[in-house]
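Listed after this line are the structures, all set down as structure tokens.
In what follows, subunit A forms one complex with subunit B and a second complex with subunit C.
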Partner chain A sequence: MTGASAPGSSSSISAWWWRHQRTLTPLILLAPACLLFAIFVIIPIGMSLSLSLYDWDGVGPKTWVGFGNFAELFGDPVFFTALKNNLLWLLIYLAAPMLGLLLALFLNQGVRGIRPIRALFLMPFVVSQVVIGLIFAWFLNPEFGLLNPLLAKLGLGPVAPLENERWAILAVIAAGLWPQTAYCMVLYLTGLTGMRPELIESARLDGARDHTLLWHVVLPQLRPVTFIAAMVCVVSALRSFDLVMIMTAGGPYNSTNVLAYYMYEQTFLSLRYGYAAAIAAVLFGLMACCVAFFLWRLLARERG
Partner chain B sequence: MRGPLGLVLACVLAMAGPASARTLIINANTSDPAPRAAWEAVVADFRRDNPGVEVKFNLYDHESYKKSIRNWLTGASPDVVFWFAGNRMREFVGRNLLTDVSGLFDDEVRASISRAGIDLVSVEGRQYGVPYSYYQLGLYFRRDLLERAGVKQAPATWADLIETCRALKADGVEPFAIGSKDLWPTAAWFDYINLRSNGHAFHMALTRGEVPYTDTRVRAVFAKWGELLELGCFAKNHASLSWQESQALLYQGRAAMMLIGNYIVANFPSEVRERMDFAPFPAMQHAAGKHEEAPTNSIHIPAAARNKEDARRFLAYVLRADVQERINRALLLLPLNQKAAIADDRFLKKGQALLSNAEALSQFFDRDTNEELATIAMKGFQEFMINPERLDQVLEGIERARKRIYKN
Partner chain C sequence: MFPTPIERAPRATRFTYRAALYVSLAVWLLPMAGVALTSVRSIDDLNRGNLWGWPSEFRLVENYTAVFADTRMAQFILNSVLITVPAVAGAVALACMAGFALAKFRFRGNLALFVIFIAGNLVPFQILMIPVRNLTIEIGIYDTRWALILFHAAFQTGFCTLFMRNFIKQLPDDMLDAARNDGLSEFQIFRHIVLPLVRPAIAAIAALTFTFVWNDYFWSLVLVQSDDVRPLTAGLQSLRGMWLASWHLISAGSIVAAIPPVLIFFFMQQHFIAGLTSGTPND
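Let's look at the complex of A and B:
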């Protein structure tokens, strides 16, 4: 076809554009987003990962240590405490969707005056995590808190949960479970509102009742919500930081440390940027695995 | 990371206005209301006395200052930085990040500042900054509670201290309040027992990482500390309390004493203020009053500063007795210049008597030793206070960290 005509330069560009328009337009439209994503997400991740291979105190020269930071990490008892606490956190947070569902089912009634009550249950989700941490820390404070006077009324001895190396982490997670449940409740409430009433009607006509109705008609429709709720819980369990920072600062002696807090501590208290970047890399890997698992399930279901 | 951050900083500084030769940029961490007002007044006077200099006084909160100073010293640098004397300063001197200002320390200055004070800003006989405030640590106690328990005098020796604890416990009062949730209050105990048992030279060698934590002299410190723990001298639940929360025990009359810095005086409620008193940490093998803890704040000129001439002028200005007097009256701290009058406050007067006669001063555990080691060790101190039987495990943990951190 080349010899058919001798097109001028401008028409050759337009012809070229005409031919490739369908491939080029999306690329051009995507470019700004990709650029920003690269600058603010991809490149920092790359820099952080490369930093994990160095020993650096933030001022002096960086020293290449290869996988030395990771080798040290796997011999560091604090790292394993933090990892264990993160996994425990994750496990307990999976109760949030269930509790949230129960609350949502309970609050999804047409009773008069249910709206303000719903709003009350929503409160912990609206309040900042820092405030929640403070409220719980004050409540649990053995010297000035409300918990011990309340226990005394029941005839139970004074306790100091936040300074007990075994129980402190559970007290912190309990504080986190409160807003997390509220969040899941909101998700389920929205899901319940979007439910198709005719399906429920016809199920009722067919004689489905109580848990049969819940299990076989309501829950399958809520599946996308459950999926989102579970994923959000896993991610927030892994990145938990604020509550630990406010309630215990990782103490007593590291028993409530989590990966994100340990990373912060190594960066800003110990000034070991490389080591902290190695912790960040592990956290990143862990989170990537969880998200990949969820995406895989999602895709599998969409295909199936 | 340094590159982009430095670039951003350079842009910020550039936006602040083109830096002519006569611009003086001062970065300070004194952002709390009283220090802020005091320093702004001092800077205003300096401006008036030096009309040719355009002074930019930038304030940052403590935490972000601590994080940023490393970028300033290595990137686009201000002309004057606020920092801490002692090892925190020496870390930067060792990397050639601060300017030698020995020229400011003439005979007149040397006559007005104690030797121990000059030592804090010296490296190998050269000075690298100007100290402007410090304060004492020691026993702040309820005189009324001690008297009620039959104790007439503040404890002056370790034996007195043990006796005082016994008497207070018999009277139903906790001898010591401490908030170990903040970790650092435990370090005051370690520092003082070590200073008093082994002396300043050993304490500094230890905090420089030259002595193993499993050394018998270090174990001796914990043995003494353990005596107090065995007696139950510390108010329980201390791991749940921050230092601010723990002082409430003192004001409520549930605890009688606290080992803390002079900043606690500002918090005394008016109704207990008259009943509060101060005493130096009791004497042990090494005499009391000779080796003391005195965290010192100072100002420095970064090596990369552009206007070192006016920066030196500002440092000389801050060395002056009248300027130090003004700053420290406002801060309720002690001036290092002994010719400066101090505020009319009995706690400050006792502090000045203690510190100006001290032969050697330490800064505080977390300023004297490497930051990372300090965090690890202070967690260990807390663990020891709750589980004294884990001492071996705690010391081995700190020692492992010391070996790794100070391997060079």
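Let's look at the complex of A and C:
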């Protein structure tokens, strides 16, 4: 009996499965990705946001403080330096799409051996930011660095930008601009290769000069690329951490602090988890504003 | 083609263009060339201030041997491999499955899920630091390779899913319907039709994700702390305290750290760039 009913039930299961597999397959395929993404990305965002309303040393009990952490941020000069540096970072990173476009225009030629040359131009993007940071920290080092001997040959005096409160942040951002420009260059090169040649050729036959062409034919076609490039730059400007950690550790006197690094410091050096979460929440808010702005522009353009 | 192809220009212009190419490339890579050169110098050169001149002696073998013999560099490299490879494999596998589901099935919340995957990938990931670190402590994987493998696999799944979904969406529906009429189940379609066709996309996304995970520094700092499991990026920075002003060793270490992603990049250049520019409409 049992022997007879087992295949019967299994065939009814498989019949049931066969009827429902079109609905069940996507669920099964999605489950692992959604689960892992929820556990490590989505839920932690919520946990961080709620933690920002508490005082916590990472071990003991949490104390509810409402918006106390945020109120304290408003009186914290280091927070404002970090915020200002993040905004400066963002602003300067927006030069990367422009520089990347110039580089792409320069490299968009079909001459022999251009492929490996383009690849070499992308190199700074491929290596780790740790390596970029080490290279630049040493490049700018006043005693052993490569910059001062180079300046001396040009008859310019020795400089120590990383030890200067005013210049240090610009030096750190400049180091980041290098790989960022390389990235934008690749985006634009792909955009330029994919452009419709007949539009350009016909404009040329009409006697359009190159700079008119660039402005009225090429750039409008490249707009989606510019959009992506700008967004990528904003995202990485707000995430900036590695270069600060490697090159200056936030110094001198917090002049190169950024929100991500200040949050890290508050967590592991001051053990103020709640305050750190509040800093992270501000960072998240900034990102949300930028994404909303991008989406608004995207929708506005699609509507016309 | 824009700008005007240089082949149409006179000979002198073409010659100038080629010269400009090489000069600009040299300037662009000057910092890297400086590091490469320094990694084969002796400490005497550094002390004497011979930073740009020809090295007084070549110590390629000595310096690179010192990096591996006096430090745990080999262990760091092994750790990076043992973290990066499973993380990439996991993210790509999950993304293929999720990408197929999102691209070829209609169900409620499909678009919402897709948007969540994209948005989750855009967040400044530092906001995840405290909860994720606590989570790894609670489930007992803090300071193990698993902490980094699981986190990277999860986080990269967002971008990989976006990529795979867009690629799979371009596969013609007629083809899948024909397979269905032949009696193939959805899983068989995924396994025998979709996966073989998306191989180029898998290569692109794997090459790119490998670079991202290999180059990660933040999470290596937050989720592990002992040298036994620490990957190369965090290891290199920790060696700086030991090497102080031995910039020839720091340079050699940096070169070692940079080699794997650079190799991946050069061997899989087309795939890598295809992955990098996947958001742009022209591919």
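Methods note: the second predicted complex is superposed on the first by the 264 of 304 C-alpha atoms of A that agree within 3 Å, B and C clash if a C-alpha of one lies under 4 Å from a C-alpha of the other, contacts with A are read in each partner's own complex, and residues count from 1 in each chain.
Convention: a residue touches a chain if its C-beta (ideal position, glycine included) is under 8 Å from a C-beta of that chain, and two chains touch if they have at least 3 such contacts.
Note that the coordinates shown come from a computational prediction; the quantities given were computed from them, not determined experimentally.
In the overlay built on the shared chain, the residue A:L219 is in contact with neither subunit B nor subunit C. By the document's definition of touching, of the two partners only subunit C reaches A:M123; subunit B does not. After overlaying the two complexes on the shared chain, residue contacts for A:P252 are found with subunit B alone; subunit C is out of touch. Counted by residues of subunit A touched, the larger count belongs to C, out of subunit B and subunit C. Using the contact criterion defined above for the overlaid structures, shared-chain residue A:A174 touches neither subunit B nor subunit C, since it reaches no partner.
In the superposed model, A:F144 lies in contact with both subunit B and subunit C. Of the two partner chains placed by superposition, only subunit C is touched by A:M287; subunit B is not.
In the superposed model, A:F40 makes contact with subunit C only, not with subunit B. In the superposition on chain A, A:L51 makes contact with both subunit B and subunit C. In the superposition on chain A, A:G60 makes contact with subunit B only, while subunit C stays out of contact range. In the superposition on chain A, subunit A positions 47, 51, 141, 143-144, 273 are in contact with subunit B in one complex as well as with subunit C in the other. Residues 47, 51, 58-60, 140-144, 160, 162-163, 248-249, 251-254, 265-266, 268-273 of subunit A are the ones touching subunit B in the complex. Chain contact summary for the complex, subunit A toward subunit C: residues 18, 21-23, 25-27, 29-30, 32-34, 36-37, 39-45, 47-49, 51, 105-111, 114-115, 117, 119-124, 126-131, 134-136, 138-139, 141, 143-146, 149-150, 178, 183, 186-187, 190-195, 197, 200, 204, 210, 213-214, 217-218, 224-225, 228, 235, 238-239, 241-242, 245-246, 259-260, 263-264, 267, 273, 276-277, 280-281, 283-284, 286-287, 291. Against subunit A, in their complex, subunit C makes its touches with residues 1-7, 14, 17-18, 20-21, 24-25, 28-29, 31-32, 34-35, 46, 49, 51-52, 94-95, 97-98, 100-102, 105, 107, 113, 116-117, 119-120, 122-132, 135, 150-151, 153-155, 157-158, 161, 185-187, 190, 211, 214-215, 217-218, 221-222, 233, 236-237, 240, 245, 247, 250-251, 254, 257-258, 261-262, 265-266, 269, 273, 276-277, 279-283. In the complex of the two chains, the subunit B residues touching subunit A come out as 1, 66-67, 70-71, 73-74, 92, 95, 97, 181-183, 236-241, 245, 248-249, 371-372, 375, 379-380, 382-383, 386.
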